[in-house]
Amino acid sequence: MITAFFFRALDGKTWAVLAVLLGIGIALPLLSLTDPSFPLHVPTYVVALVGKYLCYALLALSVDLVWGYCGILSLGHAAFFALGGYAMGMYLMRQIGTRGVYANPILPDFMVFLNWTKLPWFWHGFDMFWFAAIMVLLVPGLLAFVFGWFAFRSRVTGVYLSIITQAMTYALLLAFFRNDMGFGGNNGLTDFKDILGFNIQAPETRGVLFFASAFALALGFLICRAVIASKFGKVLIAVRDAESRTRFIGYRVEGYKLFVFVLSAMMAGVAGSLYVPQIGIINPGEFAPANSIEAVIWVAVGGRGTLIGPIVGALLVNFGKTWFTSGVLAEYWLFVLGGLFIAVTLFLPKGVVGTLMARARKKPDETKAPGALSPIEASQAAEEGA
Amino acid sequence: MRPFPSRLAALAIIALTLFGVLRPAFGADLTAQVNALGQGDYAALEKAIGDLAATGDPQVAPVLDALSNGDLYVRKSDNAVVKATKSGSGFTLTDPVTGAALGEAGRSGVTKIKVNNKIRGLVRSATGSLTLMSADPAQRRSAAADVFRSGDPAQIPLLDQAIAKETDPGVKKIMTEARAAAVLKSDMGDADKIAAIAVLSTRADQDALAMLASTASGPDGAVKSAAADAVASIQGQLKLWEGVQNIWYGVSLGSVLLLAAIGLAITFGVMGIINMAHGEMVMLGAYTTFVVQEIIRNSYPELFDWSLAIALPLAFLVSGAVGVLIERSVIRFLYGRPLETLLATWGISLILQQAVRTYFGPNNREVGNPSWMSGAFDLGNIAITYNRMWIVVFALGVFAVLMLVLKRTPFGLQTRAVTANRPMASSMGIRTPLVDALTFGLGSGIAGIAGVALSQIDNVSPNLGQSYIIDSFMVVVFGGVGNLWGTLVGAFTLGIANKFLEPYAGAVLAKILVLVFIILFIQKRPRGLFALKGRSVEA
Amino acid sequence: ADDTIKVGILHSLSGTMAISETTLKDTVLFLIDEQNKKGGVLGKKLEAVVVDPASNWPLFAEKARELISQDKVSVVFGCWTSVSRKSVLPVFKELNSILFYPVQYEGEESERNVFYTGAAPNQQAIPAVDYLMSEEGGAVKRWVLEGTDYVYPRTTNKILEAYLKSKGVAEEDIMINYTPFGFSDWQTEVAAIKKFGSAGKKTAVVSTVNGDANVPFYKELGNQGIKAEDIPVVAFSVGEEELAGIDTAPLVGHLAAWNYFQSIDTPENEDFIKKWHAFIKNDKRTTNDPMEATYIGFNAWVAAVEKAGTTQPDAVIDALIGVSVPNLTGGFSTIMPNHHITKPVYIGEIQDNGQLDVVWQTPGLVVGDEWSDYLPDSKDLISDWRAPMSCGNFNVKTGKCGGS
Amino acid sequence: MSAPEKSHEKAKNSLLYLDGVSVSFDGFKALNALSLVIEPGEMRAIIGPNGAGKTTMMDVITGKTKPDEGDVYFAGTTDLTRMDEASIASLGIGRKFQKPTVFESHTVWNNIDLALAGVRKPFATLFHRTSAKEIARIEEILATIRLTDKKDWLAANLSHGQKQWLEIGMLLAQEPQLLLVDEPVAGMTDAETMETAALLREIAKTKSVVVVEHDMHFVRELDVKVTVLHQGSVLSEGTLDHVSADPTVIEVYLGR
Amino acid sequence: MLEAKNVDLYYGAAQALRGVSIKAETGKVTCLMGRNGVGKTSLLRAIVGQKPIAGGEIIWEGKPLGRSPSYDRAKSGIAYVPQGREIFPLLTVKENLETGYAPIARKDRYIPDYVFDLFPVLKDMLGRRGGDLSGGQQQQLAIGRALVTRPRLLVLDEPTEGIQPSIIKDIGRAIKWLREQGTMAILLVEQYFDFAHELADTFAVMDRGEIVASGTQAEMGSESVRAHLTV
């Protein structure tokens, strides 16, 4: 059943995307290990950079799954990303052991200098990788479950849902800022030494982490693809377009929403957990509402309701950010980025990928990819423009 | 002028005291003592102040005031103490006692007499006793308050004199209280002290409580028990006032939230645009205030108290015009695609922030409070600051005007029709592009005037908008999108809830709790406090 | 090109921290300009590489990596918040480069690749409290520790609490309160301070309130009529730059503790300010403590490079220790083996022109103490990056170098 | 008001049983102690002035609106007032809305597919494969509603009338025991109207149907018992001829 | 008089109108019929300016409308009662009616009595929200709202859809009355043949985006019209 489930998703395009992702995942780290004189040598800097982008891409993908296909505009997805990151960070923190500045075998440094005497209960178990790995899925998943269970059951929709997801991440931001919470306050968790016994800064480890990110993204893509291709996916789109109508033909909408919301939160959590060892720090800044909004923007730029869109959007916007924040543009990059966002909305209303796909298709009456802008919206826009 | 030897000065003081406190001193004697202010370190300065105060000469008060304000300098040429005011690159000098002009001095010709907080405190209690008999009731009042604070038993005879002569009942009351405070610290008899306790317990504020509490921790006896009783009764009253205070703080916070959110209630609530650039409209209003004040400061300083009144319409126009520009150039292509407005307005917000940062610089700009926005008055036992009070009034005023515009004018009707169904409104003959532009302009303009008010209590920096945007969305959504009353009630509810939690939970936890409260509340009412009802909404 | 030495500047030019950090970017550009006028370093011109980490902590790490590995800068001047420093630390260690960090911070850190030219808590907080406890400072007996809820205030307050208690201050005479970043509604807090301060004992507020939250805080203090004579507030994050955004008339007498004030009257300072104004083309621009810290760091680096004859990081790191350069207050600051520096400490009172006048200063220079003596687990640690010890956290009790 | 047990008793042999149902909106009584019984296999036409509460009645039956008071039972024992829309639909109550609501960004085919009787649970749909039988059924329905050639069109691109048909198709696909059909022929030509009547009569052979319509030709064509609602309660009941002769029905509904 | 000549209209690449020509004369009811999806609504939307045309022209009172926006057309006397009514749901009935003030002179800004004479329910419901009315009530409101603009061309899209028989009769009477005033051209799209038959002066029948038959009531026997409408 499961294999059939994935098999169905594997059309030509999906194969291509998976191949590209895994190809990059293998090639880039290997090339970075070559001698710098080798013509195809890739600097480790690029590996670190792209590794980060891939994690963002997975976050974007998870946002698109709920927003593009189920109409849940989550303005709090960075919270799941951050929680996954914290779970991983806690593992990495405990791996430091006596190598911390105060050489305390149990307590992380930040607890030592704030005079904590024993490890808070929620830090137990994180010295084991498997436990942390489960928590990476479980903590964001559980939060999404509890939050979604209440919200979807109460039929909170639209901007109301968006704003309470924002309230959620904002509350978490403030909570994690508090040193009393036991997560290192605003400095967060940092100074990691190794992961599974390997030096976290070694180029080989970086390479493996990079591959893991590419692999996770490919897997995430495949799962989303499979979900969308199934009848479940059709129900999601139905919910997005006409939620109450879906109920009247007998689908229990909250169940569907809850399922994708939790799935998506877990994906975001995985993204965060791969992000942290590559970046070397996790702190409450990741909970900032602006981060969640940015993730939504990557999706919109790439094209909501297409699975490649969010990946492309995340890569594009973040590459732009890297590019614009250096050199001559450094003081004006916000103009460029802001202008880019406006231009995309005005000239590429379906996002970069969505527009390209629509252009490739030409014949407008044909089935379009589920979830691109509804034709109602598009035609209204066209009329307004006219 | 030749400085008197200080011993001679001391002699003069003794002589003067013998002659009676109220006799005007000779200018020359006083000048010598004044010059003593510039002779040494802080310890010497303290002594000199004490000596001056001991003269009891009312002429001393302005001198000490000038000292405390940092206006007294030592002229290097002759070590004389002078009063100096900046003029051009140098100073204009006057005699601190007589006010006679003493010519000019270059910047290096004088050195400032440095004062610190301790000195200022000394000066204040010294001038207090010096001005208890002043002809100006306001001065007597503040003098009495100063004496009350110092509670110096040595002042009791002076206070008795002053009370006997006092005609203003308000001032008299404070003097009586000051006397009571002094009595408690003195070694007078129990009966006197118990009477003083009675006086203080009618004052029933924090200051009185502090004085009584220290008496209550003294040696056992009738005085102690009377003080303890008074403490208990004052504490009870203060508890009550604390509740009132929380409500007021909540209302005040609520009015800030309301102001921040009210423009958004139009652009987002009514028009359905997820307007992430709303905060920047507020920011533009605040910067308009800054520019207005800057011009006033440089060219028309006498108009400073009018600066806000001048800034208000300008801020409305500036933010409104920017709003119209944004609507015409970007938003109008996005009607029917509400979610994309999020992306575009986010871009706009980045651009506006950076534009302001580039033009005005990244730092805070100084926006001053006009005199009527400064300070506080006491209402019972709570201090109500003028800026907060006016902001509450202002927020309610803006709300009322907006309500009138939307509910009672053809423009309001057309706005509501256009946002509900643009093509149909157009077919009814409504000029939808105009209405759209004006509505967005109105929302932005209102945000701009909110910026004028917020500049009075917060930073004027490129980040100003960002700090209000989340709260604004929370308020609008909590109140119920599309309902202005919801925004009003939502703002005050969240404000008051926050301020009631803050004293117990601390500011951080209070904020978290309020957010959790919003999340839970929306479960109960998925369309906000004042949900729009009816079948059209449910479809 | 190889004929220049590249200097990285890693300060936020946008986002919430731009308000503080932009000035430091300009400062480094100014210092580079001055140095180039003197012929550069080792006969090469200095070339600034400016990036904008946009107040975004992961972006700090990314940009640090870019500066070091792509732009091949020889040294980086950057960061303001501790978290941004923590975020770039792994990068500097991995790629073995040099960071000069110019902002007062909580201490509890000493890294081989970082030089801390801002104040450690003992170079700012403790002297400030000492002053307030003194007769001259008002003999304060009751303390409010008011801070923004993050690591610097938390740690500083932990240290101060321990210090105050060691001086015999009772538990109930200390009130600690934290508010969120960017907090703007101070009514309740100021009322609480007022209440705490009306208990009959001389009270002072030690403020570690950060950034933007200060303006509304001071406005509320002024409006609620809290006068410096009654309850003075001494701040560690409020300097000339912050005050430029407030009407300071109601704040006269409140205090700040720093290692530098613009008002300090020395020829070096006068010269610095004059050239700075010329460079920035605005003679109203203020100078402040982190600028001086940048100045010291920059000159120390130049001196060390000249001494080592190379920009190679290992050599420069070794050469830096013991380098002594003039500061702007008429003395010298020396880089100590713990990568912190020696500084004088000044207490200034706010004036109505937005400047701070010195009312007190430490008799001599204070050596930055990275591991506070007032925290139980850190008091046994010392740092000495000279061979053979070469350790940032040597435990004198166990005789071992903790960490790696 | 009758005790719950009693109404239960009466509900026993009915498919749909409404007793004393009242609904009000901000004080306005949309349904006023409405009682109505539909027998298994019965087709019933409901007419009544605009605003009489016909749609509201369907809202109550399908769980969209909770009644302020009164009982609603399905198949004798199931209390519909305690269930949500999805469970009620799963019981076998299907509904066509007055204003056609279809899934705009799905194709016509997918609209039918989604409505097709069968899996409804998230996990089941995740692993569901459309069987040949289901495909055949969808094609059959498409033919019935004459949208076969538009099966790959997005529903958004259909005209108003085509959406009506699609909704009827979705209703058929659900294979409910009880069909609630709100104004099925609004916007159809006379010929189409007659066809729809025939279609419903065909369905009514095996299912129960409640039809709301204002088109008297259509109602006559159905040739079933008619209930007239007025101001939220039953005004008259009987054959079309019977109710058409009722002077109050003429007064409030048919007009002169 | 309104005259559409050779109008083409597209939705994306799909052509909904192909060279459609039609006339509506003042004082007459012109009835447009056709099966579902043939393009009736599309033509009306072209006339009122809600959808731009790709070819041909629409001439109103001698002037081509070109690409003028809907609100200008409303000002020039064209009023629209759309399919599905499109009441402003959150506005009260009174406010819905008042939206019609926008294109008319200040002195005319009142609701003419005949609106309430034609549709008495509206008078009772003035204070209720438009969105809460039942379908039939909304239909009456939509017509009333159009009349407030004092139109010289009234465009109605299936006004009997979902309306109770008595009100259909009322609407029929209203349309007749309006026609009798002789100041207004009425363009009526209708599926309900009996209703149309009673009112129409001229007929036009559409199929697949084209006019397939047209003529006066007399020229076109009801049988020929019906024939075009069967499936």
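The letters A, B, C, D and E name the chains in turn, as written, and every chain counts its residues from 1.
The definition used in the following text is that a contact is a pair of C-beta atoms (placed from the backbone, for glycine too) under 8 Å apart; a residue touches a chain by one contact, two chains touch by 3 or more.
This one's a predicted model, so the numbers in the text were calculated from it and none came from an experiment.
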item: Chains contacting each of chain B and chain C, listed by label; value: A
item: Centre-most chain, if every chain is reduced to its averaged C-alpha atoms; value: A
item: Taking each chain's C-alpha mean as its centre, the one farthest from chain E; value: C
item: Per Cα centroids, the chain farthest from chain D; value: C
item: Distance between the centres, which are taken as Cα means, of chain B and chain A, whole angstrom; value: 45
item: Euclidean distance of C-alpha centroids - chain B vs chain D, Å; value: 65
item: Chain C and chain E: spacing of chain centres that average the CA atoms, whole Å; value: 75
item: For chain A paired with chain C, centre-to-centre distance based on mean C-alpha positions, whole Å; value: 36
item: Junction residues of chain D, two or more chains touched; value: 25, 99, 157
item: Touching two or more other chains - residues of chain C; value: 13-14, 149, 178, 180
item: Sites on chain E at which at least two other chains make contact; value: 11, 14, 50, 132
item: Complex contacts: residues of chain B adjacent to chain C; value: 42, 70, 114, 116-118, 120-121, 124, 149, 206-207, 209-211, 213-214, 245-246, 249, 252-253, 256, 353-354, 357, 361-366, 368-369, 374-376, 383, 385-388, 456-463, 466-467, 498-499, 502-503, 506-508, 511
item: Complex interface listing, chain B residues touching chain A; value: 274, 276, 330, 332-337, 339-344, 346-351, 353-355, 358, 422-423, 466, 470, 473-474, 477, 481, 508-509, 511-512, 515-516, 518-519, 522-524, 526-528, 538-539
item: Chain B-touching residues of chain E, taken from the complex the two chains share; value: 48-50, 69-71, 73-75, 79-80, 82, 86, 88-91, 95, 98-104, 129-132, 145, 149
item: Sites on chain A touched by chain D in the complex; value: 1-2, 4-5, 8, 227, 230-232, 234-235, 237-238, 240-242, 244-253, 255-256, 259, 365-368, 370-372, 374-376
item: Residues of chain E touching chain D in the complex; value: 11, 14, 33, 35-38, 41, 83-84, 132-137, 139, 158, 161-170, 191-193, 226, 229-231
